[in-house]
Amino acid sequence: MFKHTRKLQYNAKPDRPDPLMARRLQESLGGQWGEVTGMMSYLSQGWSSTGSEKYKDLLLDTGTEEIAHVEMISTMIARLLEGAPIYAEADAYQSDPALAAVMGGMDPEHAIVHGLTASLNNPNGAAWNAGYATSSGNLVADMRFNVVRESEARLQVSRLYYMTRDEGVRDMLKFLLARETQHQLQFMKAQEELEDKYGVVVPGDMKDIEHTEFSHVLMNFSDGDGSRAFEGQVAKDGEKFTYQENPEAMGDVPTFKPADPHLHNDQG
Amino acid sequence: MFKHTRKLQYNAKPDRPDPLMARRLQESLGGQWGEVTGMMSYLSQGWSSTGSEKYKDLLLDTGTEEIAHVEMISTMIARLLEGAPIYAEADAYQSDPALAAVMGGMDPEHAIVHGLTASLNNPNGAAWNAGYATSSGNLVADMRFNVVRESEARLQVSRLYYMTRDEGVRDMLKFLLARETQHQLQFMKAQEELEDKYGVVVPGDMKDIEHTEFSHVLMNFSDGDGSRAFEGQVAKDGEKFTYQENPEAMGDVPTFKPADPHLHNDQG
Amino acid sequence: MFKHTRKLQYNAKPDRPDPLMARRLQESLGGQWGEVTGMMSYLSQGWSSTGSEKYKDLLLDTGTEEIAHVEMISTMIARLLEGAPIYAEADAYQSDPALAAVMGGMDPEHAIVHGLTASLNNPNGAAWNAGYATSSGNLVADMRFNVVRESEARLQVSRLYYMTRDEGVRDMLKFLLARETQHQLQFMKAQEELEDKYGVVVPGDMKDIEHTEFSHVLMNFSDGDGSRAFEGQVAKDGEKFTYQENPEAMGDVPTFKPADPHLHNDQG
Amino acid sequence: MFKHTRKLQYNAKPDRPDPLMARRLQESLGGQWGEVTGMMSYLSQGWSSTGSEKYKDLLLDTGTEEIAHVEMISTMIARLLEGAPIYAEADAYQSDPALAAVMGGMDPEHAIVHGLTASLNNPNGAAWNAGYATSSGNLVADMRFNVVRESEARLQVSRLYYMTRDEGVRDMLKFLLARETQHQLQFMKAQEELEDKYGVVVPGDMKDIEHTEFSHVLMNFSDGDGSRAFEGQVAKDGEKFTYQENPEAMGDVPTFKPADPHLHNDQG
Amino acid sequence: MFKHTRKLQYNAKPDRPDPLMARRLQESLGGQWGEVTGMMSYLSQGWSSTGSEKYKDLLLDTGTEEIAHVEMISTMIARLLEGAPIYAEADAYQSDPALAAVMGGMDPEHAIVHGLTASLNNPNGAAWNAGYATSSGNLVADMRFNVVRESEARLQVSRLYYMTRDEGVRDMLKFLLARETQHQLQFMKAQEELEDKYGVVVPGDMKDIEHTEFSHVLMNFSDGDGSRAFEGQVAKDGEKFTYQENPEAMGDVPTFKPADPHLHNDQG
Amino acid sequence: MFKHTRKLQYNAKPDRPDPLMARRLQESLGGQWGEVTGMMSYLSQGWSSTGSEKYKDLLLDTGTEEIAHVEMISTMIARLLEGAPIYAEADAYQSDPALAAVMGGMDPEHAIVHGLTASLNNPNGAAWNAGYATSSGNLVADMRFNVVRESEARLQVSRLYYMTRDEGVRDMLKFLLARETQHQLQFMKAQEELEDKYGVVVPGDMKDIEHTEFSHVLMNFSDGDGSRAFEGQVAKDGEKFTYQENPEAMGDVPTFKPADPHLHNDQG
């Protein structure tokens, strides 16, 4: 169960409105690697966790924090949209190219659909969907996913940082950068502990079953030989990589029985 | 540019048809973490790569191999669907519950839409979409993503392995397990090299910019104290985690200016 | 069965082309609350209706009218796109910022994909999908949905009205505003009659089954106390709202059995 | 900002596992009208609210409660999936038709993708997406949407109630029914207050602008005359409905100028 | 503008309910190639048509007919769902495997979401979306698309025909088969006339611009030589196909400039 | 199985960067009719093909070539994005309207998400999805689809050609135009051979089953009489079209039984 505090976790006040930046920040809210992806992934993983209390708690703490990040970015976007132009005559564009750029570049749905407040979309208006989130029941895999979520998200925040000079926006981004540092590091720590326990290859207990003759072979499917650089190096599980310059096709040329005529698979 | 060989990379021959297993295998083809996600992500990353030849080549080798995996699984699915029942009278169900289970549990679009061949969907018929793939321009982040892709995929293949006793299907899965071991390990190796160069926190050069007072703090947003277990431990960047039992809300209670009346934001 | 008349239901002639307005009008066509949503929802509800002739007929009349609205808006968009620029040299932008704004702000797919005619998308190019429509089999719930469809749609048309000064576009919008007034009012009337028959809480016959001790309680999950304003007020079903300042968590701390090891739910 | 309590808001313990019911409950979690739609809509509306404290607080209280409902249903689904069969030989189906029905009817991704825990999908595996949610900036329209969300959700919970005899599942559903009664009633109350202030037709201030001659006319587009029943009745805004038996097409037969030849609109 | 007649275009009465067949028929309603795709494509093409009256009228006649087909199939689905079981105890499954198959194989959303009436989805519950429809402004291309729509649709109806023995369902399918014969033939006729006017390669006026040395070459990218069978044959534009056994890569090995460091494209 | 060559199939080098053109080219990569649709459709059809070697090989050759086209366009887009502006102060817009147009019109995700490299989306940022692709098991229908894919794609490339004056971009487009000429012609040739074998109406063997009295009738559902022009003409199957001016509704006015009260289908 959850409780809500009206104060934001951190400042979300721009120095001045900027509808183009409002649009760009939607990436951090409703994009593939945005905060909603973090929030829904960590909460789902936490809720379905059956193991050690420390991982479950870490997931739920962080998932709960991410709701506050969605709240902060939503607030920032609405403030960046304050007073955004919703109409201008063509001659206004002519004398004010900056206005023209804003009218051309802002998200028209911010005004038409949301009354100049945030959406749950990315900057191109694609609706957030649960195909971005992950909760597999296997914590090693999911901790790795969480590190990726925080890595891609922090990368995007770093890019967004250089797309504005607004000190208010940057202040919030500096906070997000720091939290995404922490979240990368904490999930890495959990990942390492879990790898120590279960092995570095996920899942850890299929080694005796797989066709091991193919499990450490760099197969070369191109005329480049760059990947040969890894030949002979020691993989994280302690074994060495080998290199196969010309991997052969080991299967057959596939054939099928003709289908039931009621399927009308006219095939020539 | 690419060339195609008619022989499959590895065997894809079931011992006998099994339309339920055909449906399940769609996860490894068109699911969130299936082979199409691998193929499209690695190729895209490789094509947009500007750096070291060895990473570019590794990505393109592996992306090219994944097309062959899509081919193998497509072939396997079509063979598992051979002769699948497309109709039965109700009294046949009555005397043959196994037939009833097949009719109830197979993907009806396998017959209606695809004439008993593979789709590009997951087992629930959701079409593969590019929101599953990632190519960010940052190889550290993307190598991590690739490790996750191979981890979640190998986890699913491991589960699929126990959902059949067909030795032909299992033979192919054992091959995929091995290749996903290799791909996890090779992308991990690349990831580690890149981390050595750029730092473990992605991206590596924003440390002086972020609000560092929040970058190593475990914030507790729950009544669980499990995450305290990480307190004082050394993070991968060499600094220690601290623990904040009661993180305070540092921002303001957000207020906004009323919107332009032409937006009709009637708000009470 | 349907018949088509070539004349439009109402005028759809702009005074002059305006590709930015063409893009914005896509919201009223293919957006979440656009005319396609109305048309597909009302027709589906009407076709599946089993009850009183008057509701069935009202739904089918209105659904049929909405096809004509899709036709009008499609026509208007194509006319707004007449002669839209599809290319300009950079120096043309320099001397003509209004042209630059148009090139930056129009939907590039209007030209590339549709040859300067309407799409079935919203202004951000998201394809209309049936997840926007509703047909539940319960007319009380669906009449409420219909009132919302007409409310959100009329809100958007009102916003669009202030985004242009073209009297031809405004003439069509004034017609749509009026029809959305009628549709709001007619569906409200139907809703009220149905509420009189079935009760104001949908569905009406589960009152004896639900845990009634929680059915009129304003639960406070925040440090705001604004919602206390409703305490003691009479709800539409005649009972009074009570206020719970500190709602307690009544369930357990969830635990699960470990999963079958064949699922590889490595959990720490 | 948010805090999390490990105890659930209410009981979420089935008497026994039932993977088919687990699948069905996904509708209340990740379906069009499920709890995620409530949570994301109410929180978004609350965060972007600029008006009276009481509506803002009501929205945030309820949005916060909905996260707890997502938590409860996720927990219930995971428990219903405990020990679900992931494989059976064909002869087991033959002797155990109930097992066959489970294998055919459960969501295969529950096992393959989520390790027998909840997804963020509906029962057909369609991922939740933000196109289900609404936050328009206009509270009258959005309160109406919220009443619909609670109406469709309570309708579905009522149907789910009769799809199980498990007293543990039913206990949770009885709680959800009660909360959805409260939420319908509270949002209706807010809606009525806002209608009193802004008018019953959303938005309230476009009456002088619309073509009023069409704003109270039941237009008959069918050979049914059921909708004539509303003729002469008083609409909620105090005016009377009129009925037009044969609405004429008032617009022109649309014509367009031929497109720029560079568009290759070959049209015959 | 449109008018509606309450009588269906043709019979849509099953001999008896069959919820599995109801599910399968959703393909013809809301699937990629279903009637909604036809209706929305033909109407959009007709509305945006600027050329000869005969093609515009053909498109609008057929688009209008397709709405009636959506109506018929929706009606059929609702009737097939009459009395469908929504619950059964496990021991009922045991003694009635046919019931078990129905419970396992029907679409659970038919009951939960739609109260046993039709949805706008395909049999796997994927919502119809406008990405299935086409309206390009070029009638040659679009007439070809329309022939495909009718071909894939008639193929699916043919398969559905053999998935039931219900004479009422088959009667409707026989009608749809015939109409899809007509629609294939009429769109082919229009296509041929347009090809006569504009050329068989779409669009017809780019021949002088393209690199013609590559426009009639069968390039062999595989170790199969099956496509050599077309060598020397006369293409529809009167020229002969040539065959290139080993197509060379004519472009460069791509290189890029390193990106702006503010993008953090760490590339190794 | 596949092998990759580092050299591109053809040149993909623009004369100079142009981020607006980069955005437009995404249509040819990840749009509904883009190269990914070709690649995934032809490969899927080829892999599931059971018939004549020549069609299977033609499909796999062409599918393999399309991967190279995706590679070329991805490369071109990345090069067009080199050095694209990611930020400018408002006063820079004022003095440089061309810059303003670029900032307003480029895809913001090219920078934020992809570090100025290609995405797998269309120009409006919609992710490619498998609902664009087709593989039905029936080669006549699918060859027709393939002709459409190449027709719509070549139409779009023709439009794109006139949206730039960059000779490097045009050089690549001229190559794509030529290959799409070849692909249209080769698939047409295959289509014709298959039609000769199976008949022009797909599928060919349902003629005795359909209600033939409706299979050659132009039904007029509008007040236009343009489609009468086809009356008496000979259809491709040798029979003549007839014209029905006033097609009657032949079905009943649909009625349904009331639903089970446990569904709560309150209907008035």
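Observations on the structure shown:
Here the chain labels run A, B, C, D, E and F in written order, and each chain numbers its own residues starting at 1.
Here, a residue touches a chain if its C-beta (ideal position, glycine included) is under 8 Å from a C-beta of that chain, and two chains touch if they have at least 3 such contacts.
Only a predicted model underlies this, so the values are computations on that prediction, with no experimental measurement involved.
The set of chains touching chain C and also touching chain F is given as A, B, D, E.
Rotating chain A by 180 degrees superposes its CA atoms on those of chain B, with the angle stated to the nearest 5.
When the contact pairs of C-F are set against those of A-E, A-B or A-F, over half line up by residue number only for A-F. Centre-to-centre spacing of chain B and chain F amounts to 27 Å, using the average Cα coordinate of each chain. Listed for chain E are residues 1-9, 32, 47-48, 52, 54-55, 60-61, 64-65, 68, 75, 78, 86, 96-97, 100-101, 103-105, 111, 113, 115-116, 121, 124-127, 129, 131, 136-138, 140, 155, 158-159, 162, 190, 202-203, 206, 221-222, 224, 247, 249, 254, 256-257, 259, 262-265, each touching two or more other chains. Listing the residues of chain C that touch chain A in their complex gives 20, 23-24, 27, 31-32, 96-98, 100-105, 122-126, 156, 159-160, 162-165, 221-224, 247, 249, 254-259, 261, 263-268. Residue ranges of chain E in contact with chain C, taken from their complex: 1-9, 30, 36, 40, 43-44, 47-48, 60-61, 63-65, 67-68, 70-71, 74-75, 78, 113-121, 127-131, 133, 135-138.
Within the complex, the chain B residues that touch chain C are 155, 158-159, 162, 262-264. Touching chain E in their complex are the following residues of chain F: 5-13, 32, 52-58, 60-61, 64-65, 68, 72, 75, 78-79, 82-83, 86, 111, 115-116, 126, 129, 131-132, 134, 136, 138, 140-141, 144-145, 147-148, 151-152, 154-155, 158, 161, 174-175, 177-179, 181-182, 184-186, 188-190, 192, 200-203, 206-207, 209-222, 224-227, 229-230, 233, 235-237, 241, 247, 249-254, 256-257, 259-260, 262-265. The touching residues of chain D, counted against chain B in their complex, run 1-6, 47-52, 54-55, 86-87, 89-91, 93-94, 96-97, 100-101, 103-105, 107-109, 111-113, 115, 121, 124-127, 137-140, 190, 193-194, 197-198, 202-206.
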